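Should a chain be cited, it is by its letter among A, B and C, assigned in written order, with residues numbered from 1 in that chain.
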Amino acid sequence: MVVGDDLLLEVKDLKTQFFTNQGVVKAVDGASLRIRRGKTLGVVGESGCGKSVTARSILGIVERPGRVVEGEILYRRSLDGNGATYEELDLAQLKPQGREFRAIRGSEISMIFQEPMSSLSPHYTIGNQIAENLLLHQEMTPEEAREQTIELLRQVGIARPQLRVDAYPFQLSGGMCQRAVIAMAIACRPSLLIADEPTTALDVTTQAQILDLIQSMQQELGMAVMLITHDLGVVAEVADDVAVMYLGRVAESADVDTIFHDPRHPYTRALLRSIPRAEGAIRERLNPIRGMVPDPFNRPSGCVFHPRCDAMEQGICDGQAPRMVEVAPDHWVSCWQTTE
Amino acid sequence: MEETQVIRDRQTQQVAEESEARIYVASQWLLMWWKFKAHKLAFYSGIFIVLLYLVAIFVEPLAPSDPYGYDSKFTYAPPQAVHIFHGGKLVRPYVYALKQEIEPEALRRIFTPDRETRIPLGLFVKGTPYKLWGIIEGDIHLFGPLDQEQTVHFLGADRLGRDMLSRIIYGTRISLSIGLVGVTISFFLGTLLGGISGYYGGAIDTIIQRVIEFLRSVPTIPLWMGLAAAVPSNWPPLRIYFSITIILSVIGWTGLARSVRGRFLALREEDFVICARLDGASEYRVIMRHMVPSFASHMIASITLAIPGMILSETSLSFLGLGLQPPVISWGVLLQEAQNIRSVSSAPWLLLPAAGVIVAVLALNFFGDGLRDAADPYGR
Amino acid sequence: MTERKGTENGKLLQVQGLRMHFPIHKGGLLRRMVGRVKAVDGVNFYVRHGETLGLVGESGCGKTTTGRCILRIYEPTDGQILYREVQGSTVDLTQVEGGALDRYRKEIRMIFQDPYSSLNPRMTVLDIIGEPLRNFEGASGGELEDRVAEMLRRVGLRPEYIRRYPHAFSGGERQRIGIARALALSPRLVVADEPVSALDVSVRAQVLNLLVDLQDELDLTYIFVAHDLSVVRYICDRVTVMYVGKIVELAETEALYREPLHPYTEALMSALPKPDPRLRSERIILEGEVADPANPPSGCYFHPRCHYAQDKCTHIEPELREVQPGRYVACHFAEELSLRGVTRSRRDN
């Protein structure tokens, strides 16, 4: 059972929709997640599953024409440093542009994105941008901000930080830019860092460095991490808990070992069977998932996965959407077949 | 209850599938059209432009009077309002005749509506004879006074008593068409030179680009003044007309050339272009079949946006007396009459041709914007 | 599955001393060359008929450039590309000019990485797949349609889709169209440039299976360019690891994964995230960034990041040597180092 003070953020039945000319896209259609204080939640899914939109909904930065239409995003702000006493805020109710949200965004909950080059403005030095975050949220002089920026750059492993602080993003490589972005995100010691595919655009060796960095920062600052990725390997390496998303809903969520060794949802199982592994046999036949991710305008009825599911039962799975059921302590599945 | 839900979902699924199939086989032009239609402002502007050009085509029957016919009795006559009520009842539209008095101090003619005399109006009335497009004879006008002996000035008259509305209508033909001719010339020049520049690169590209930059850095008005002054004034109006359009195209092609060059440069590196070469396509085929369709829509949008520039250029040139001259009628020539403050303050309707320019240019801009937004329907 | 149909296992393509240097220009009117990007800097390997050779490495290693040189998309700065024709004669592709190249463009084809930019959005599937048939074989009308429909069926797409435009298809389906286009002329050698990197995880399996099936059906030889070591293991018989324009190791897949001989290969394998939390291990984290091909380090290009580097490595560039039969390494200390490969796990799903 998740202890009360263990839970940092809880998303309940979140629905985020995009109102386009061609119709309404239900990017997130009833997703529920739990992020524990100080732990890493890996959110896995393929394109169109809504994981990025979920992250943006939490931070109130969903682009137009989308917006959160339903659900709760319960953030437990600690009042004493370790979560024993806290106040609960529903972020879905706050005005996205409002002052309250802006005070949280960037200082208590931060986000880093996939393309480090586009996360940084090319017009300002990285020192300038990191210091901006500090000055926005904390009381300090520009000189103090600069000092702290140099220290942050050192913490994220950028060599010769006192020189690099005045560098422009185009002068740095992809890996270094991502480190700078991480420095910017952790500058105010957030309690939650959301990382949206932070390593997808990087080389494998650089990816290892960055993941290593995120993990060490997590330990140092005691912050929770919500890591969004499509790479199951990355999730296996760094996550404590995992949520598997498909077409706007959470199919299954549990701790990482359970997901990989005792998956119950047919999608999770099929996904694990279909990925190529470095330890697999050479030229061994892979087991792809049948069919294709459906068009977002054309969502299947009932359980959204049913057209591709081997365990599908006519009349049940294509009728009503299944609810998330706790099949074992902290192991939630939304599947008619598993939870009957 | 659940079953009906399921059935309804399946039906919507079927309908969705069918409408999807339409999208799947839609060519880029169809997709562009759909996207364009959704942009309301651009769409209605487009309709408006079509109407404007219809006016330009059917100028002769649309103008209620002879644009060249001057009448000293009606110099600076004010606009006459059309009324449709009389004594509280709906009647045939009419205007009040004008009473004239000479004001003793300044010896100015003062016109006041004569509420006793009504001049009824009608559709498809007989009026001054004309030759449509110079070939078809006729004398039926779309609207005007029932009695063709009566003089009506809906938008007032100018210094020589000529009817403003008729002159403005006649002005559309020249003002709107000069844009087209100029733009066509710019189009060919711009595409050719821009294409060569972008496709071959290297020295040719450098030379062409420097020429473009040189042309663009020359101040336009003095350049036009110089070129216009070089056009002999004793040439027939038509020849002058074409000379003016060529002058306008001299600068106009540079914008399109740059944008075409940019597209070529970008497209050269696209995977599908490389693939076309690997697939054995000749250079000609690669350009015409693979690259050109990719920016054809952008070019159309650029051209449409260039037309208002041409219209404004002609209007400015003629207004300054450097372009077309009377008796040729264009909006710019008409605005020459509005050059001195005294006439304008006593007869503000002389500025109405400007309204024509503004309206046409705005409509074309909105239309061009809509085209440009729709031009890339594949925006990822 | 490692048994390959032994047609004739001779060398189909041999690359020797391949160099591809891109000049860096600076300055306005008169452009001066201020340096060179040595994208490919002396590469030697061969591909046997019927096998799949992997070209693996991170960004800037030159794997994609090598593939493009083979197809003569780029003109190699130096080196030879020896291609064995059907009749048995060998021709150096770098010496073939203009129209004569067409003959080889039919036999050596490419599958591109990005399914979105490699298909012209303004052409129908029929046009796209039919393009090579039209140009090389003059096919048209009904015959063209039949052949394209046949290719669509071969790659697992419905022939009715022939009139659709690319925007009607998902990433995986587009890649299939790209594959159909590449194979329409029954080529002998196919360079697949990261064909699954841009696809969703569950779709990769479908496309990889398709590639393997087609290789058997059509007797194809693949050069498979990739950065993902887990994908490479599935489809490649032999693997070449590249770093900053040079080959650092070349070996049979099984041997490479069991025991790499080059520190960079070891680091790559170690950095690979394994999809099993029970396999978490101490990973080798390399220092610094991938070297810049315009300004590579002295001696062995990898030495600044190598945990085993010694003084010799800073000055002397190691040569690619055959240290065991069929195993090539470019490292001074290949024989002495004992490096860790990828452990095989018991699959217990």
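One rule holds for everything that comes next: a residue touches a chain if its C-beta (ideal position, glycine included) is under 8 Å from a C-beta of that chain, and two chains touch if they have at least 3 such contacts.
Computed from a prediction, not measured in an experiment: that's the story for all the values here.
Participant: Sort the chain pairs by how many C-beta pairs are in contact and tell me the top one.
Facilitator: A-C
Participant: If you take the mean of the Cα atoms for each chain, which one ends up farthest from chain C?
Facilitator: Computed centres place B farthest from chain C.
Participant: In angstrom, rounded to a whole number, how far apart do the mean CA points of chain B and chain C lie?
Facilitator: Centres of chain B and chain C (C-alpha means) sit 55 Å apart.
Participant: Report the inter-centroid distance (CA atoms only) between chain A and chain C in whole Å.
Facilitator: 32
Participant: Averaging over Cα atoms per chain, report the distance between chain A and chain B in Å.
Facilitator: 53
Participant: Identify all positions of chain B at which a residue touches two or more other chains, and write them in rising order.
Facilitator: Residues 20 of chain B touch two or more partner chains.
Participant: Which residues of chain C touch chain B once you look at their complex with the stated criterion?
Facilitator: Its residues touching chain B are 29, 71, 73, 102, 105-106, 109-110, 112-114, 116-124, 131-132, 135-136, 161, 163-165, 167-168, 181.
Participant: Within the complex, which stretch of chain A touches chain C?
Facilitator: 46-47, 173, 175-176, 203-209, 211-212, 230-237, 239, 256-257, 260-261, 269-289, 292-293
Participant: Quick check: in the complex, which residue numbers of chain C touch chain A?
Facilitator: Touching chain A: residues 1-2, 58-59, 170-173, 200-206, 208-209, 212, 227-231, 233-237, 253-254, 257, 267-280, 283-286, 289-290, 342-345, 347-349 of chain C.
Participant: Would you mind writing out the residues of chain B in touch with chain C in their complex?
Facilitator: Answer in residue numbers: 20, 23-28, 206, 270-272, 274-282, 285, 290, 293-294, 378, 380.
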